[in-house]
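Each of the next two complexes has chain A plus one more chain, namely chain B in the first and chain C in the second.
Here is the complex of A and B:
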């Protein structure tokens, strides 16, 4: 049985920070106005020139460039007001221990005569706020709509209102448990697992549960449901950091699947302003281009767009390691892609009994 | 053998046969033309008496009319100069009889309009006209007349003289005519409105056949300086004019003849010209033969040093009055007015006044609204043939940041001793290059002024917008920051808002 390392606990401490950071943001603006100044803030620039790949952190980070947003500027004042409102709203969520989805935020604004043009405008302001206080939105209780799931022998303890102290084993639900706010904020108590397997598709996730992969391989299974939401990436990050579990990722065998794995590992440029979303030691275990060849998987030709994407990835600093470069080249050579389900040609359990063990071994 | 019969017709007979050339084309045009001619006579009369005009017009339905073609009684009353007793019958009973042949600006021209109205009334109803007039003397004269069309002479049916106890001065004319008021109505009302615009010192009242009262009230009693009568300008004369002048001149030498009978010809210029024309100074004009006269006129036209005509025979409305008229009748948000310097065409002086009215009650039409005026009367027909219309069409409006979908009205007023009308009906102005150039320059000048106003206003709007944006968002920032910081009371942001309004406002970003 493994217990979490206390010094590695990422979840609750960050949350408290976010609430105080929000408050001091308000305090700063208040003082500026009190002194007869137009309120302003400086936030790290998120323009592409200020996004760097950090080889040490193995993720994208923001450079030193800062931008000043001032209420004195007529073009800034509306987004500035929206930012202050969002901070106010997020702070209220935190102190009242409530959560809200991105969409909720968009609608809630209307109650304060603070309407956003559309949700993308409010999402954007939320990203500004993340950048301004240096915390992920989940830390101030705002979540995206998409949900992924987790299954396996781990006991967690809820911290959300009404459930404080309640414990739960994540094998209790055969469909897995949704990675929502409550799970995000929960504390890890103990686990018998010695690894995490992240799976791109729901079908395979269910197959793995049915085939007892969690028992056979001592694994926690995480469904990313396509591109992993940030809450899920953060959850995987915590499993890796707090419980020191190695992470293996299984995706479709195409450039898009590759990138799902890469975002879990090294994050995205869009989230260069937040930490604790990445798991640099996680492994992409398949389906590789070479697997398509080695396992003679049924495949379909790559499209123009697939090829274009491969070229982009080839130049991407996150893909500089040998494994990635090699697989990209093979994709380009065979000009084929295969889905995870392609293994069904060898029978429904082949992937569990044959492929998975050998890949886990290979990418250890 | 066929023998041809020759006959002579009188001017009245001529205009009776060709009444459309004076605007009496059909029942609806006729009623418009009648009202218009009489109102213009009244305005002329008031101005020559130098009193602000009070014109009262009433049109009533006559019982006996046939349903498809109504007969109306038209009555026009004014406080003008009045007409001396012996001229009353001819003024309204003889075509081409008038007091406005002189060389000065007037609305009437040929001694035609008023008489044509009466003539038209007579031929459609066969009823006499009734005229009351006094020059303010001790007597008031009343006439009932008809026109002997073939002889172009008034027939006096009745003449009465009353004692003028109230020292009344003015003219009343009343007669019957056939017409179609309801078709003519929009044009008549438009005519009166525009007349009120270009005569802002006039009171005009109209009671229509339904008993509806339309009142156009003066906003000022200030009137433009009356025009001075002038001598013909050398460039404007022809052989006939010179012959007539020779007939009446008391002068016995050419130097004096040129000095006395022509506009702005000084001794110096006269001598210079005679030398140029190789005409001896002492030549007796009375002794000049036809060949010599033709040669004289030819030389006059080719001599380039005659001074341009002076404009005191003209009476433009002036910027203030034009503006007052526009504000009163069009109620725009803003208006610019310009007056061009006097200019000439073919020896006739003219002045162009232009204005552009913007916004307010001016409708957005998708095209410019054009108001045309000549000698302080509106021109309502044949717009597309008018010189001003063409000038507007040819202008590059984008240069002035003006577009057709703006609420915009353009006004052009041309005044001259001889308006270059294309027809006797005073409908539109011909494309004389000199006139066109002035009109174009006038409109351009107005457009420049308008552009200045628009950009100033845009600036003000921007400032207003700025302030409204800041007043909308700053209080919110204050409120949310206060709650976020957990403070009790909000910071005072009034100073910030004030600074947006003043110093910040003028700074360019």
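Here is the complex of A and C:
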């Protein structure tokens, strides 16, 4: 059984950092006021001109440009106050160990007579706060609404209230265990797995469990349920970083499937200010455009929207590597797409017995 | 601890029936051929003129009209053959204990050189098969793609391969356990719960777990994740029927939220040919239009589409009861809607501490 590297226990240490960072942010403001200054906060700019793709980190990052929000400036007072309230509320969530959602924070503000004109204004301030303290909002207990799932031989230990110290093996429930706050904050105890396989669709996730892919391939299975929620991307990141497990991603064979894989691998420009949501070494194992040809898969024609999307991806710096460029070109040439389920034309277990082993080998 | 009524163990008996019914269907066809007849199948008609709302069953049902598909009729040969193949494939799934999805069946047909022009054609034939044998497709192992979750003090026993006889308490994982084939086919062993609370949104589901609603209210919590998948509706039906637990449903306060509740309660016209997906005694406990007024909830104006939808619901026979008609009228009068999270304006736990107990009492 493999045990996590002790020196790299991301989850709890990171979480402590967010609460501590929020505390420091507040202390900084008090200090400024004690010194007779109008309080201010300096944060990296998130404007498009300050977003760069970093080939080293293999994700988007923010440049050196900073913006200063000061209570001295009349135009800043509103966003400055909103940011300070959000930091206060996030700190409260963290210390009381309650979780929340973006929408919940928007409505919660009204309990404090803090005004946001709509949810997009409060979402934006929460992103400012992430940027200011350099932590993802999950680290200060603001979670996505969406849920996905995981299954496989890993034993985790809970840290959430009421479950502290309890252990759970993630093969316990054969429909899969939801990835919510409890799994996000859990410690990894041990695993016999030597890889992670992320799967776009619920039906295939169940097929993989029924066909014992977790045993045959020593794999942890993660359901992304379409675009993986941030908590799930962070969970995959942790499996890769703490347990050093390689990650393979299986999606539909179309530009949208490619991008589901890419967001797990390299993240999005919107998240240029956060780390630990990406898994740059993860592999997109299929369904490739070339698989549609090689496996003679049942397919449907690409739509105009699909083709427009392929052109966008072709110019996207995250897609510069040979594999991506090659597959984009093949998609454009064959003008077809195929779903994961298309392999069922060769029988229900073909994808597990033939396609999967061959692709795991090919993308190793 | 409450134990399920032994005389009413729906899950396993129903599942056995589906496999047996498929077998009988096949035997009937052989018999017809041995007697020198062209084989035929008679099924209740699903045309709109044959769909009625049954006030006794409180769901849509099919009338007496039947259609006969016969190999003798040249126009019937194609759908007849498709139906027989689908019955064969469903029987294979059931006996091999593999699960599948609608899309998977469409592609699987190609492995047998059985042709469907598109997935909607195969979906339609699967519905014919449901109608022919009177079982939901989940009973012959065709499951929805979507997944939702459950949490609370109930111990279940698995019947799926590899897990037979293993028990699981559904408080074991505080993010919730997915409702897939394994939970659908499980036996209920015991529970301390005296009610079920179904919740539309993931964030609130987590809030309820964190605030110990399952303990404070002896409740099983079910996440519907928007419109509840059929497997989840069946699971709620079983909790209500086998364990005699009353069911309360909490949705957003808008016509779409109302309809999420209604589909759990009375099902849809599309499912007029199946039973055991509805829970007619379940209550829609909120968020009502009148709650928006009474609790002075933050709200947004109804859109034209919302209002059009309200007019449709007003004429829908499932909505004829006083409560629904009254709330539809109030929605139309105030022209506002509110989300579940709107209660956070009174603090994060107001919905749990104040609103929920009051509504459980009111809709008892």
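We adopt the following convention: the second predicted complex is superposed on the first by the 361 of 364 C-alpha atoms of A that agree within 3 Å, B and C clash if a C-alpha of one lies under 4 Å from a C-alpha of the other, contacts with A are read in each partner's own complex, and residues count from 1 in each chain.
The definition used in the following text is that a residue touches a chain if its C-beta (ideal position, glycine included) is under 8 Å from a C-beta of that chain, and two chains touch if they have at least 3 such contacts.
Worth saying up front: this structure is predicted, and the values here are computed from it rather than measured.
Student: Would you check which partner chain A:279 touches, where first means chain B only, second means chain C only, and both and neither mean what they say?
Tutor: The answer is neither, since A:279 touches no partner chain.
Student: Touch test for A:88: chain B only (first), chain C only (second), both, or neither?
Tutor: A:88: touches chain B, not chain C.
Student: Between chain B (first) and chain C (second), which, if any, makes contact with A:135: first, second, both or neither?
Tutor: neither
Student: One more residue to check, A:36. First (chain B), second (chain C), both or neither?
Tutor: In the superposed model, A:36 contacts chain B only, not chain C.
Student: Which partner does A:147 contact after superposing on A: first (chain B), second (chain C), both, neither?
Tutor: Only chain C is touched by A:147; chain B is not.
Student: May I ask you to name which of chain B and chain C touches more residues of chain A?
Tutor: C
Student: Name the contact category of A:74: first (chain B only), second (chain C only), both, or neither.
Tutor: Touch status of A:74: first partner only.
Student: Have a look at where A:178 lands relative to chain B and chain C in the superposition and call it first, second, both or neither.
Tutor: second
Student: For chain B, which residues are in contact with chain A within the complex?
Tutor: That would be residues 466, 469-470, 473-474, 476-478, 480-487, 491-493, 495-496, 504, 509 of chain B.
Student: Would you mind writing out the residues of chain A in touch with chain B in their complex?
Tutor: Per the touch definition, chain A meets chain B at residues 22-23, 25-27, 29-30, 33-34, 36, 38-39, 71-74, 77-78, 80-81, 84-85, 87-88, 91, 112-114.
Student: Which part of chain C faces chain A closely enough to touch in the complex?
Tutor: For chain C paired with chain A, touching residues are 97-101, 103-104, 106-108, 110-111, 143-147, 149, 158, 160-163, 168, 172-183, 201-203, 206-207, 210, 212, 223, 225, 298, 339, 341-348.
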